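There are two complexes below, and they share chain A, which is joined by chain B in the first and by chain C in the second.
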Partner chain A sequence: MRENHSKIFSIIMYLMIFILVFPLFILIIWSFAKSWPWPDLFPKEFGLRGIKYFLDPTSKSLSALLCSVFLSMTVTVITLIITIPAAKALALYEFKGKKIVEFLILAPLIVSPVAVAMGIHLSFIRLGLANTFIGVVLVHLLPCIPYSVRILKNVFEVTGEAMEMQARVLGASPFQTFINVTLPIITPGLVSAGSLVFIVSFSQYFLTFLIGGGRIVTFPMHMFPFVQSGDRMMASVYSVVFIITTLICLQIIEKLVKRYYKSGNYFFIN
Partner chain B sequence: MTQIVLKNISKSFGNKKVLDDINVVIGEGEIVSLLGPSGCGKTTTLKLIAGLLKPDSGDILFGNSSILNIPVEKRGAVIVFQDYLLFPHLNVAQNVEFGLKMAKVDKAKRQEQVKRMLHLVQLDGYEKKYPDELSGGQKQRVAIARALAIEPKVLLLDEPFSNLDMRLRESMRDFIIQIQRKLKITTILVTHDKEEALMTSDKIAVMLDGKIRQFGTPAELYQRPVSPEVANFFGEKNYIRGHIKDGMFVSDLGIVITKYNEQSSVMAMIRPEDIELIEPSNDDGIIGIVKTVKYAGDRIYYTVMANNVELKCLSGTRKMFNIGDRVQVNIDFDNAVFFKDVW
Partner chain C sequence: MLIPVMTVIVGIFLVGLFMAFMQSLGYFKAIGLTEITLKYYKEVLTSQGFLASLGFSLYISIISSVIAVILGVLLAYSILISNRRNGIEEMIYKLPIVVPHIVAALLVYNILSQSGILPRLLYSIGIIEDQSQFPSLLYDKKGIGIIIAYLWKEIPFVAMVVYTILSNINDKLSDVAHNLGANNRQVFFHVLLPLIMPSVFSAFIIIFAFSFGAYELPFLLGPTTPKALPVKAYIEYTNPNLANRPYAMVINIILTFVSLILVWLYNKSFELISKYDR
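This part shows the complex of A and B:
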């Protein structure tokens, strides 16, 4: 019986994995397909036009990719720095208007940032932040903060304050406590929040476009015209690069954090 | 070695008064228990002493000086919490040296101290283990070593044994007391277990609803409780209503001579172990009927109905009675405690 169950279970599991992974193969095939008319099961001709264009320095795709990675990493770091205290306060402290503050912080999840971006654009023009890197970083924080706050708030709710109190009575100052106890304990949460924030920031198109005003050219801005114009080969190449870059960056984030707490024993299980 | 003085300490959370005018003096090197049910303010008291909370009013002195303005990390009052709270990302040695590292003690000294502490708690050779590889008792000992490593002025134990199983609890209790006696460190133990309090402490403070009801040595509290509430902490008791007249206590159970002379209504508290049950032999004694029998191995709990009063009795296993037996009840009124006007 049990054997049977596990067989059914693994069939379902592999089916789900297949459903998730299969489109990626299509993307990879598409990026080498010179022509693939309906109803052929496989492309008629293969070609390297997409890869060549992407790697060609005159297309500036690589520099856009680097710019995007740098931008999203910056946004990730800033978001985490801002949201750690915010999430802790929301999870552990009682204060007046807590519900309203929480709602406002999470509001960008409900109200699309695009809706407020127009107003922000005007303000940024006045402040001289439009068409600048800093401006784009700031506007990316808008959709990123709610995700990070949500994840870290749950983490703080689980870990609580007890460990920090213990550190304090053992003679650690508030800052020492934060560095030596709080950060290591919430590390798994930081990795997941950081990964999600990176992806959210990395896939922003409209906000970057509006606030960057074409001066800050990120990877999605190269990619979108191809998707829109229906150049499937190019769109597929860019999508594959997009996915690979994200995976590599997430790996780097996790490896860096893990190496920092090299014991590998940082998972907090209560 | 520090004397701790709590002076008129009050503390409220919102509208709820958690501590109400607490006054206690804990002598140098003493071990004092705060005994009370959960929610009576015991742990709050510890947190106030450690500095994790601030009192609304009153003062806390270590020796002769107030410590209210000293931040937590400089007070030298370490709490060992109920669930040990070992840092999961650090190994045993790193946990123990945590306090010293924070105080920027140099490395050679730290290592020496870690070694000494682990030897003290009999965990030599466990330096490289992580908390999740340790048993409950071992975690507890690491937590104690970590607390003692910084040579605190005051050790505060917050229900340190309640997560351990019975046998381990007893040995850890003896172990900690041994260490406490050796280091002569002023210690406050929070507990809801009367036996733990009686067996470990130099003095006990019984707390109820944010007030200290009685403060004294274990024998004082057990033998001369100031109120039925305090008495109830140390096990079930019999209460017999009556009144004192001309040095005699008059109740349903007859008339006995007492040391008291005042004329008043009183309640006599009689401990179960002060009531002896024997075979009915003469007609003078109080005769009762056994209502329930609870056998506990080394002793037996009875309830006996005598003269319309239900009495709880505790006796050895030498003579056993069954439900419905007629027994003679000999009450030792010399050990009775009389409470005036409690109803």
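This part shows the complex of A and C:
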């Protein structure tokens, strides 16, 4: 009876995973298809036109990709820097108005970014932040902060403050403590928060489009017209490039963080 | 310690919402409107177009989130029961996070458009004889394309949240129930489900709020009418006549208002979780 039961659920699992993964295979095939007319199940001819177009300097796609990576890396670094102290405060200390602060930090995850972006647009124009790199970085911070704070807060809740106290008692300065004790302890959390923040920023379309005003051209903005017009081959090439770039950047983030703090899991029980 | 984060949150998030709110009341100094009025709210709330859009947005979000939650729980439970867990859960977890909504729209387009893979398959096994016999699932008033694209992104998310909780639940609980004569279904509905319910609920709120406020998918896969609220707000916003701005802002404030109700519910659900933990 139990055997049967688990067999049925195995089938359900593999079926659902197949449905989720199958479209990605089609995406990869499409990106190499030269001609794939109805009603063929496989492309008639394969070609590299899409990839050539992507690599061609006149399409400016490669520079948009680099701009996107640079933008999202900047957003990731800034988000981590400003959320580490906030997450620590929320995890370890009690203070007045903590509930309201937690509520406000969480709110951008739930309130429509469309509404916030249109509301702040005029102020950004007045301040000269609209259509600039800094303006786009600032507005990207909003959807990133809630994720980073939540992950890092969980980490601080688990690790507590005992190790840092020990370092301070032994005479380390607050700065030394932070660099040599706090950061190594929270390394696993930094990797996951950094990865998620990078992904959130890297896939942003609307915020970049509105606040960047067409001046700051990121990769999703290059990709969007192809999807919109239904050019499947080009859109598939750009999607595959997008996904591969994301995966490479996540590896880089992990390597960078771990290179500085090799200690890994000495203190933090995963 | 909180100052940098709160500067960003207050300076951009709260100020942005406040500006939207003032403009929705007709206070828009840049074009000389300084009178506070509820006129725009009245006009928007009684317009057929707006009500259709509100209905469409709510419909898309409710249907996609409910189905995502049910199938997500089913997937998590299936992974737990079938004992072959060789890195599958990690792959599922990463897959939808790395793929953005724009690409999700393309995936749906590749499979379900009238020249997509599914109609080709149906043609090759002889179920349909022509492209046009395949129902047009994209750009339709029922929003099926949008819903499926959201499902593709959301089912793995829900599954991952639920799987984390399920795999941490002590096996002994289920074993005790089995020993006392409960069958698998009873164990699931009376032992496991109550334990995962709070997290399921908070996952529901997150995906509901996201799909309710997002622009990309309804823009790429939605019908000409009715348009989803965020799309409608943006169209009003880009109207060259600046006197039109307050209408866009009214839509934004209503979007925000619905979201705030959700945040409130979300916090409630966390109170529930901590109750179950203790």
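Annotations
As a working rule, the second predicted complex is superposed on the first by the 238 of 270 C-alpha atoms of A that agree within 3 Å, B and C clash if a C-alpha of one lies under 4 Å from a C-alpha of the other, contacts with A are read in each partner's own complex, and residues count from 1 in each chain.
The rule is short, and it goes like this: contacts are C-beta pairs under 8 Å (C-beta built on N, C-alpha and C of every residue); 3 or more make two chains touch, one makes a residue touch a chain.
The structure presented is a predicted model; accordingly, all values stated were derived computationally and were not measured.
With both complexes brought onto chain A, simultaneous placement of chain B and chain C is permitted, the two fitting side by side without a clash. Residue contacts after overlaying the shared chain place A:107 against chain C, while chain B stays out of touching range. Of the two partner chains placed by superposition, only chain B is touched by A:176; chain C is not. Legend: residue contacts after superposition of the two complexes on their common chain; A:228 is shown touching chain C, with no touch to chain B.
Shared-chain residue A:167: touches chain B; no touch with chain C. Comparing chain C and chain B on the residues of chain A they touch gives the larger count to C. In the superposed model, A:85 makes contact with chain C only, not with chain B. Chain B and chain C, viewed from the C-alpha centre of chain A in the overlaid structures, lie at an angle of 100 degrees when rounded to the nearest 10.
Look at A:16: by the touch rule set out above, it reaches chain C but stays clear of chain B.
Touch criterion met: A:116 reaches chain C, while chain B stays clear of it. The least CA distance from chain B to chain C in the superposed model is 18 Å. Touched by chain B in one complex and by chain C in the other is not one residue of chain A. On chain A, the positions that touch chain B within their shared complex are 162-163, 165-173, 176, 180-181, 184-185, 187, 261, 263, 265-269. Within the complex formed with chain A, the chain B residues making contact are 47, 50-52, 71-79, 81, 83, 85, 87-91, 98-99, 102-103, 130, 132, 146-147, 150.
Chain contact summary for the complex, chain C toward chain A: residues 1-2, 4-6, 8-10, 12-21, 23, 30, 71, 74-75, 77-79, 81-84, 88, 92, 95-103, 105-111, 113, 115, 117, 119-121, 123-124, 131, 152, 155-156, 184, 205-206, 209, 212-216, 220, 230, 233-234, 237, 248-249, 252-253, 255-256, 259-260, 262-263, 266-267. Within the complex, the chain A residues that touch chain C are 2, 5-7, 9-10, 12-13, 16-17, 20-24, 26-27, 30, 38-41, 81-83, 85-86, 88-90, 101, 103-120, 122-123, 138-139, 141-142, 145, 149, 196, 199, 202-203, 205-206, 220, 223-224, 227-228, 230, 232, 235-236, 239, 242-243, 246-247, 250.
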